[in-house]
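Each chain carries a letter (A, B, C and D) given by its place in the written order, and its residues are counted from 1.
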């Protein structure tokens, strides 16, 4: 909740689908894309874009982009328009800047000497400035400020400018990866193929699923021949809603080719020696949907472990444990389990309130975020409450909640935060307030409890967070990554960026 | 959840506001109305309507109606239009029939010999057919099928047709109440007064709040002179978001006059002797927001008690207790507390999925309601789950959820329902499927567990529900109702209607 | 043009259609209604409403209303909704007051003891205040300020309140006509019948057409058995676009019943003895489309005669005759023919300019109405221009046009107005500025030429207008009205109202 | 009319404005752009786009694009957004292909090494295929199929890739002009300058106007110091509505720089020796608004001369001359003047009919274009009519009109067409049906009168058209072009293209 209020946000969700078998198949790719993207809606609510390809010769691409949620960006006629696709990629976006226009919607499609390619991107290139200059020095005009267009033009201009029937896109993708280390997960569609790419540090997530007949969805022995298609998604939570089985993650640095013939790993571009992977730890803490799986473990479980760890690091003498709904609930339940304190609900959220146009006047503005919550007085009146939040970013939204609880009868309100303080900006695709706005960098942080009106405030340690995350990745390392070490990007907490910023 | 899927729905939310003191005051009535109505959005999402009055002479009314949620029905310019009101009433609607048009939006405003009156109604007149005929026989044409228009015309034609400056509206309201026993909560605005009316059986809720300066919102000793205005609402949950203090319920049969001079009880129209009040018990079970207060008790607490009672009536040998999010959570927590079994979450809801236009094809339709839920596998794989639901109406939505849990590894799935089976139609304002559609009336109900695929299914008893509800109303009876007995309408569960239907 | 600028406007267009033969026929009534109403769009652009009836038992009515032009008020799905109608009526509206809301759209449908009736009205009841009071004293609340609702309620409450299967609507209509003399043309739909009614003074137009197979549209001997349906319309110009042949006018005071069985005159309610008919003369001057036929003559021809008469009454020593496009063109051509002066175009209209949202700043506001016109300099530079306008209402729009012509090189600009000065308000359905705003009532009118910057200004006389109009009605009188005298309402020009205003 | 029906259409309108004097001035550039573009709406109704620049340092561009008419593409908030511009360019578009998307809207803005440039284009590059390939071979991906993007990328990649503060855009524009001969009129905005460019053949129009205080708009001696800004437009008709004086045409091959410092001709790129200019003769015949000025003469006057010439070449023994409204009216008046036959109106147009969604059923489809017209019977019944049209393209729309006139009583209908038959496709920016669809290329053309049902059909000759056009350009040649010969593109009539098509 806190994060949401403070404007921290993921930038994008990626989703792709390829129908298997001889085309046209009976799989309605446009429907799968839509439902898949809806399941990633939490990763971006600003705009949505789809591109489908018939995958045949002559190749035709169809695209549609719209502002807002998938549901409003894709009215029925848009879906109709896209329905002849045999494969397609789509994208939902949250802009980091104020400029929110249709033009910036992804996927970005351009016509090249070899035909059209479509590119969808999640992440932020650490060296985009230099790359833009390079591209423009080559004489290319860039029509947007988006990394997606930049990547597309980089792919287009990569020498040698061979005029073959089948250009060597893989070589071009490798070349792109040699020019920018992070952060990107990419879906690149060309004719009848989707290339799924993750940067060498694996900073942004990407995973693969297999569409099977609904009747065989949960049978363990589903044979390969049952495959109806392949999907690729920022998060595995989207598989449930389309009837796909989790297949595997795209690995850091990997280029995977997905076509009607199946999934093929083309190569793994290595990191500089000694560098660990750097998967964004905030995907676990906040961004991802709790039922998604990263590195072999469910996000919900990691959050619950964070709550347990927090209970160990910061125990409280209190009567009840509760949550700021809804994102902190797994941590709160973990805290309750570890501490033995009873779990209860103290707030209920009015999910409609956020959508009014109303600009409250002074009187109502004083109510602050409290307008969003109903207070479940009976559950805590006369009691000492430990309230678990997932993060405190600017500190100005937890404050009215604490006031609300006190006024409704809580005798004490202790805040326990299931992640460490955010102190540094992110240059890899996450929208974080400026350093100055972060409560952890303000003088008031010294007496944060006093500042927000709590009886006490404690945060999870960085070490605690890392151990809670990495406790569950062991088997993933062994089985999937063949013993390679797991690492995570904690830059916003520690200032240690996975690569030098002026790459 | 189950109820939502099955089309059971409340019909309306009412909200009114009167600015106190000499007019114009600084209270922005239009803003208070909007935020108040947003907090009642769960009671109707189909349309919204507002009428404000300047309350002065000459009287001018301003109104706006729109389809959809308050946020889309009331764009900024509509609010601007309404902002000069010193008092106003508003209404959010859910239609029971297929006809959903602007014309049917409430409040209904008509010009009478004495000036304009505006009427907003929650409920359904048990004898509307006879009343329509009566009105039409008098020579009045009815332009809609809504009870609200009918009530308005009944108020207009009530003899004697006195041509006084100040017509005796109270006499007319009493006359109306003598012609129809239930169910209605009404807000009637005339010039500078709002009459808040509840039918003699108190079937639909209505309560009053007091607007105080935000700074004094939680001081216990707020003096009367601090009053900035009065609000009246279907549910008290709306008070939190506008900075109002709960004042009291409108009592069954009561006519309350609200004006800038304050709140005044004009009379209490009695029920036939021997009849108990009949407040709709489903407001507790399902409709109301958990932080609302009825009869002196918080809805959340009643639901929790239902869960506890259910644990007593229907204990289960299982490993974990969980909920079908979100409405069954209080009952699930109550069940867990009573049974001593650990509470866990097994499903997470994708709140965006409901809003897509997509008409899923056969393949995706097979997924059913499962599309809406992510499965939190780690929390229950290998375990026996007790899943608490608030109600099972048609039985076709719990089934895919049970399948989902089993396939994800639950060894047993036991369903416990925190309310008794619904067997009878409601004629008092609630939209319930036809008798034939109700699972409790089908032959399959004999083996309901087998039908929905559960290991066992048990319901709360009617007695259990009533005791869970009435356990908390004692002090309300004593203090507020001066010892009058409390009663509840359980018609949909028992077939015992509070009045004879062909009244 | 002048009129348009000054806010003079017709209030309504009526259109109805009944499919002939056994139902369902192949006639798409909804399509005929739409195209028929589009042809009446010049009579009202504010809103549009349709009601269709299946005409069978059980009767179902379907309706749709929308704001704006027919094209935007009736999107494809609305047409779809209406397509099962076997008969229907529709209405396009221009509101005389500032209140422009969906609620006021016609037709007005109400449920009565005998079933639903739908009413569409063109005109304005001279005694609506008294009638409203009467209705309200009877105890009816009126939900709008529209005469259409008032008429509907008057029809509903007319005693005796017989409870027959087939109520005597004709008696009720006659009763209504006895209570209000003018002005109204009405379409009243009940089950499978449309009653077409014109007030005894025939103030507002109404005529009937016959739908024939397109192939027989222009054959003179079309047999009755070819009739595919009947239409009724405010103006005959709508017949061309739907393939209907002009049949006849509804006569002043006539009640015509239109059903699948054909057209039947039920009665003609007489005027008070000595009173002449009073068809609005401004229908000829300005409102009607030039290809419409009233009283046996084409509007265009009357306008041309006005121009000829004006040339006789007010000859000019000039070089060219021209028009303020587009409505004054027939008069300008008539003036040119009579005077022998050459006709030329001096202005071309930018038909897109009216639709911008732009609120011009001071600089651009100075340009005034000139923004709407391109100047065809070559046609008049160095010449003396006679510019024909159809009317001058407030005098503030012709002024910038004269300036424009002078600056582009006209040596003289003489204004000749093809109608007399408007001096009086209309209470019979036309929106005219207040008396004070009318240039003819201002002191400046004494030197109108100086005021608007013309070299001379002359108006057609009232007698000239009447003779130009009545020159062509002779055969109509003889053949159709059996020698009854023809008369016209010239109230806005002469102050002689057809009935006493406080009727 | 005929042209409109048949889908012949101009592709674009260009408009630009620079505020004069020190910035910020009081000129509201966004308003001037809007009204200027509205006046060019006849050149494209599909989409509209604006880009404004503050012109200062740091430069910021603001843009907005929307579908539909300017009025719907530019709601009030879009204008607000653009209002801080000190200069800007805008564009209205009519797409030649079926792809009508926001993405293809102009102006096209790209970021280059030197900053952003914005480009708006009217015309069609004869060698766009080769140029696209060239650009893509260089490694540039093209995101649209539009020439505007292509031109922008050509400007961006033109070597040498100097990295100066002020890039030599003029050299780049010259280089562009050396790569493509026609057809293009361009507005290129960079920081505080607009370059107005016309191709060496002058195929598409472009002219310059000067904004003066409204009070001095028509004073002949307006001093330079009164200049409030400069505008540049496809047609001079836009000047009237914004208060600008016609300044001069941009000459074929000329690059004009427009800034706050004034208008400066930078150079005139020559045509190959011996080649004449090739201004599109159809701008005179059909596209341009009649009050626009090309080559020193008013379009209306040229059309009138065409009518006169037609009367000389194809006299008719008839009673009246009339027009297919509205575009053929000047020619009809010219024909009437030359022939001495009286001019009359036979048709009136329903301007609303085009906007309905309705898909007429078989019955109504038979009515054809006749739905759009009212017949003014009295003016021609019993007479022989010469009907002037501006062009006959496919021949299927004039036919129902002739039928209409005959059925209404015309004894003869002779068609005279004020331009020669269209026989060839246009590759320079005009949308013409395929060769096969053109009536002039069909076997039926031999008996065109029989085919369309006329008594006779005659066309203006190519020589007649050229002489009518060039009769008025003499003084333009002498004064403006210093004796250079005037020439016009008649490719669609003669097949003689100004340049070889495979350039």
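In this text, contacts are C-beta pairs under 8 Å (C-beta built on N, C-alpha and C of every residue); 3 or more make two chains touch, one makes a residue touch a chain.
These numbers were taken from a predicted model, which means no experiment stands behind them.
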Starting at chain A, fewest touch steps before arriving at chain C: 2
Chain at maximum distance from chain C, centres defined as averaged CA atoms: A
Centre distance in Å when chain B and chain C are each reduced to the mean of their C-alpha atoms: 49
Centre-to-centre distance between chain D and chain B (centres being mean Cα positions), rounded to whole Å: 62
Where chain C and chain D are represented by their mean Cα positions, the distance between them in whole Å: 37
Junction residues of chain C, two or more chains touched: none
Pairs of chains found to touch, sorted by chain label: A-B, A-D, B-C, C-D
Touching residues on chain D, where the partner in the complex is chain A: 102-103, 108-113, 117, 132-133, 136-143, 145, 149, 152-153, 155-159, 161, 163
Contacting residues of chain A [partner chain B, same complex]: 26-28, 31-32, 34-35, 38-39, 41-42, 69-71, 74-76, 79, 213-215, 217-218, 228, 237, 240-243, 289-292, 298, 300-301, 329-330, 333, 337, 342-345, 348, 350-353, 355-361, 363-364, 366-367, 370-379, 407-408
